[in-house]
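In order of appearance the chains are A, B and C, and numbering begins at 1 in each one.
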Amino acid sequence: MKEKPKAGTPSYTLEELARLLECKVEGDGATVITGAAGLENAGKGDIVFLAGPKFRGALEASRASAAIIPEGESFPSLPVLKAANPHLTFVRAVELLFVPYRPEPGIHPTASVSPTAKIGPGVSVGAFTVVGDGAEVGEGAVLFPLVSVYPRVKIGAGSIIHSHVSIREDVRIGERVILHCGVVIGADGFGFLPNPDGTHHKIPQKGTVIIEDDVEVGANSTIDRAALGETIVRKGTKIDDLVMVAHNVDVGENTLLAAQTGIAGSSRVGKNVIMAGQVGIADHLEIGDRVIIAAKSGVTKSIPAGSFVAGVPHLDILDWRKFWVTAPLLYDLVKDFKKLRARVEELEKKLGEKDPAGKGKL
Amino acid sequence: MKEKPKAGTPSYTLEELARLLECKVEGDGATVITGAAGLENAGKGDIVFLAGPKFRGALEASRASAAIIPEGESFPSLPVLKAANPHLTFVRAVELLFVPYRPEPGIHPTASVSPTAKIGPGVSVGAFTVVGDGAEVGEGAVLFPLVSVYPRVKIGAGSIIHSHVSIREDVRIGERVILHCGVVIGADGFGFLPNPDGTHHKIPQKGTVIIEDDVEVGANSTIDRAALGETIVRKGTKIDDLVMVAHNVDVGENTLLAAQTGIAGSSRVGKNVIMAGQVGIADHLEIGDRVIIAAKSGVTKSIPAGSFVAGVPHLDILDWRKFWVTAPLLYDLVKDFKKLRARVEELEKKLGEKDPAGKGKL
Amino acid sequence: MKEKPKAGTPSYTLEELARLLECKVEGDGATVITGAAGLENAGKGDIVFLAGPKFRGALEASRASAAIIPEGESFPSLPVLKAANPHLTFVRAVELLFVPYRPEPGIHPTASVSPTAKIGPGVSVGAFTVVGDGAEVGEGAVLFPLVSVYPRVKIGAGSIIHSHVSIREDVRIGERVILHCGVVIGADGFGFLPNPDGTHHKIPQKGTVIIEDDVEVGANSTIDRAALGETIVRKGTKIDDLVMVAHNVDVGENTLLAAQTGIAGSSRVGKNVIMAGQVGIADHLEIGDRVIIAAKSGVTKSIPAGSFVAGVPHLDILDWRKFWVTAPLLYDLVKDFKKLRARVEELEKKLGEKDPAGKGKL
């Protein structure tokens, strides 16, 4: 999207929005739009979108000033924009109408920036943020207050680093990366060798982490540095809150990791994979491209591309569903089995079956 | 409880405690009580409580100076307080005897407080704590060192915000709220639209979070802001460590969420719900009032009020128990089934059953 | 290991390494070693190790300058060190070749150290780190920037406390402890008493936490203070990221807790226990020494020493494996059972079985 939102608290006529969003307008193009909302909460000045025909009644009842609807439909009682993908067009409208909070460029007087750090133009460094020796922060990046950037870290242009993020030494962060509050990138991986006396010998974690462009990492997630080499999160991957990515893991492009998921050491995850929440991946596995893993699954073996799995240990989703259709029947099955066996015994007796060796009996 | 603990390191005679706690004393009311402890660790000066008759032996063996016992009972060898609810009365005694650490009121000289922020009387703002433009902090609230309060946040009177908490812009925190170290309130929700090329388009998270009065949130938990509208945690709800509450979730009053639980986007949780540890709730569900969810459950459908569920996918607790009574029998059941089938085949042969079409056969 | 690595970016001849690591060298002892790597990524100057015979081909193809191999083997095409435990010797070589980043000793001018705190010789206190009243930091300890040390905390000699760690009042940290970024030690435990009106009465958490010597705690993990008494993590135990240890838990020596594991209140864990990732332990349990708990298990009962368990609820590992071998067969079993029952009915009819009372029927 090339258009830039207006500064301050923006407002647009519907006609202006139509032009910026490349849509057709139907109804009063002079309608002033000052906000965007869900159908239920919308008020005067808000634009909403119609997610599907079943929401037409809710749209009728809504107090919104305008709506974005699918191209093939019409909605005479409200001025509308018509879009091939109403949700995406709505999201772009929100981007025009909603200017997220960003601190001013400049280095806060209380920040502790090493004289050997390189700070690009237009960078914002917040209060009490620490930037270590030899670190580099690219053009227009934002370091909110209370960020800890260890020495020799590289942060690409346009990245946004929220409060209480820690980025350990030598980690490389790409461009337009968003790290939410409390994220830790590059803590030591969990690696020990057993000593004969039962104590553990720490394996030095001398590797690093590479976070590629356009990655987003949710609050309090942790991505550990490699023992040797690099832990990598590739371009466009989005990670939710409280996720754990262990040392030497390689997460492919455009993958989604929902909250509280954990990936153990050295596993490789493909592109466009989706892990729902609280998934666990064992170490040294290969998860193929476009794999979908249901929430709470525990993956114990590598998974070929395009699979959809669920459960602990994971099963193909169809097998998992068959299992859980069956599970509630099993308690009665055990009882019914005993009854049936008694009937078979009865039949055997009736037939004068005497089997002195017990052959064929349970 | 209206009584206030004495300042410093408080001590009380048993008689004083009896008056403050509205109990009867039996035995030497002049006994000096300086602390409270568990039965096993109690020493001279400590008061303990009797949780039930089976602990009478342990109380006999204890070195405590006094005990709180149920109203109907007696314990001649020790001075006692008699209470309808000995545990609750003990907790109130602990509150009198134990003054938790609180920093002095006042703004630490190193704190970075915006000139446009409103700081109420008696507030404590710790070293290197940042309070953004237009933020408001109510009377007597405590911000420990190294807290990040983004612009326009409201924090109610008497709330306690520990070190390394991040509160994002526009979030509203009620009165007497406790946020433990590392909590993140108002990070962006995890919302993306798929682009045709497999990349993800971020949905702006323009909503906020409301934390109502008397809520407590455990260390490093994260409560994300809404996409539109508000994520809400209602009055009196208590949240443990490392819990994740996603965007647009609504958690009812007096609910308990134990550690590492996660609630996905837009789900609504009722009042007085209990989720044990590591529970996962899928998105857009309704969890009724007083529902109990066993630890590690994965909830995939809405749950009516008053239910008790367990498992992944969740089952009614009785069905879950029946299933897990049955599970260890199934390995043998499969073998036994094969044997029984062989016996039936044998019977069929004996009866001269020739069934050329295989009708009725497996 | 008594040997100290050289300062700066160290390099060694193979002969020097052999002497320091107490190994025999075979081949050119003058080979200069400047780094250590995995077989695939090694370049000139790197030393690698041979994990087993199946990697001999990869070693042949590697560009490493030297290798550490088992004592019984030989590898003529490369200079080698021969070691009883090549992996351990390699790790010790890495320790010599890789000097992890440590800030200089001294108190950063921006740090806020209470005048009543005792700071030992050689301690490093980073920018904006807060050390509260009466706290003690032992010789050579490192507090990175932005650490929050509450009053009366004790930190032992040689411990390393990374950015954004919070250590609550009165907590005791042993010697050579490593706390990674974002760790919270001593937050209030999750303890409440129910009031008759459905609200919750907070149980004061007046206990503390003891972290013994040589413990390591991963990023963003939380270890809560005891209600009364102490939460203890004993000597040499290693804890991964995002782990939750609740109030009054006692974790024995040399135990390993992998990522996202949670241990509920008052449970006692033995020595040399291994919990894989995302394990949950219910409250008030006893986990014996050397117990192994598979990833994602939910432990609902105490476990005797030496056991290996898996599942939710946990089963002995053999039972768990038998169950999951059986699970995929159950859907068909239910169908097959119905067919077999029909065959038995057919037989009963054939035998003229008329059972008017339904006796023996299902």
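Going forward, contacts are C-beta pairs under 8 Å (C-beta built on N, C-alpha and C of every residue); 3 or more make two chains touch, one makes a residue touch a chain.
What you are looking at is a predicted structure, and each value in this text was computed from that prediction instead of being measured.
J.: When you check each chain against chain A and chain C, which touch both of them?
T.: Common neighbours, chain A/chain C: B.
J.: Taking all residue numbers used at the chain B/chain C interface, answer same if over half belong to both copies and different if under half do.
T.: Homomeric contact, different residues on each side for the most part.
J.: So how far apart, in whole Å, are chain B and chain C when each is placed at the average of its C-alpha atoms?
T.: The separation of the two C-alpha centroids amounts to 25 Å.
J.: Residues touching two or more other chains, restricted to chain B: which are they?
T.: As it turns out, chain B has residues touching two or more other chains at 110, 128, 146, 164, 182, 220, 242, 260, 278, 312, 327, 330, 333, 337, 340, 344, 347, 351.
J.: Spell out the residues on chain B that touch chain C in their complex, using ranges where they run on.
T.: 36-38, 41, 87-88, 91, 94-95, 98, 100-101, 108, 110, 126-128, 144-146, 162-164, 178, 180-182, 214, 216, 218-220, 236, 238, 240-242, 253-254, 256, 258-260, 271-272, 277-278, 295-296, 311-312, 324, 327-328, 330-331, 333-334, 337, 340-341, 344, 347-348, 351, 353, 360-362
J.: Over in the complex, which chain B residues touch chain A? Could you list them?
T.: Residues of chain B touching chain A: 110, 112, 128, 130, 146, 148, 150-151, 164, 166, 168-170, 182, 184, 187-188, 190, 192-193, 198-204, 206, 220, 222, 224, 228-229, 242, 244, 246, 260, 262, 264, 278, 280, 282, 298, 312-313, 315, 319, 322-323, 325-327, 329-330, 333, 336-337, 339-340, 342-344, 346-347, 350-351.
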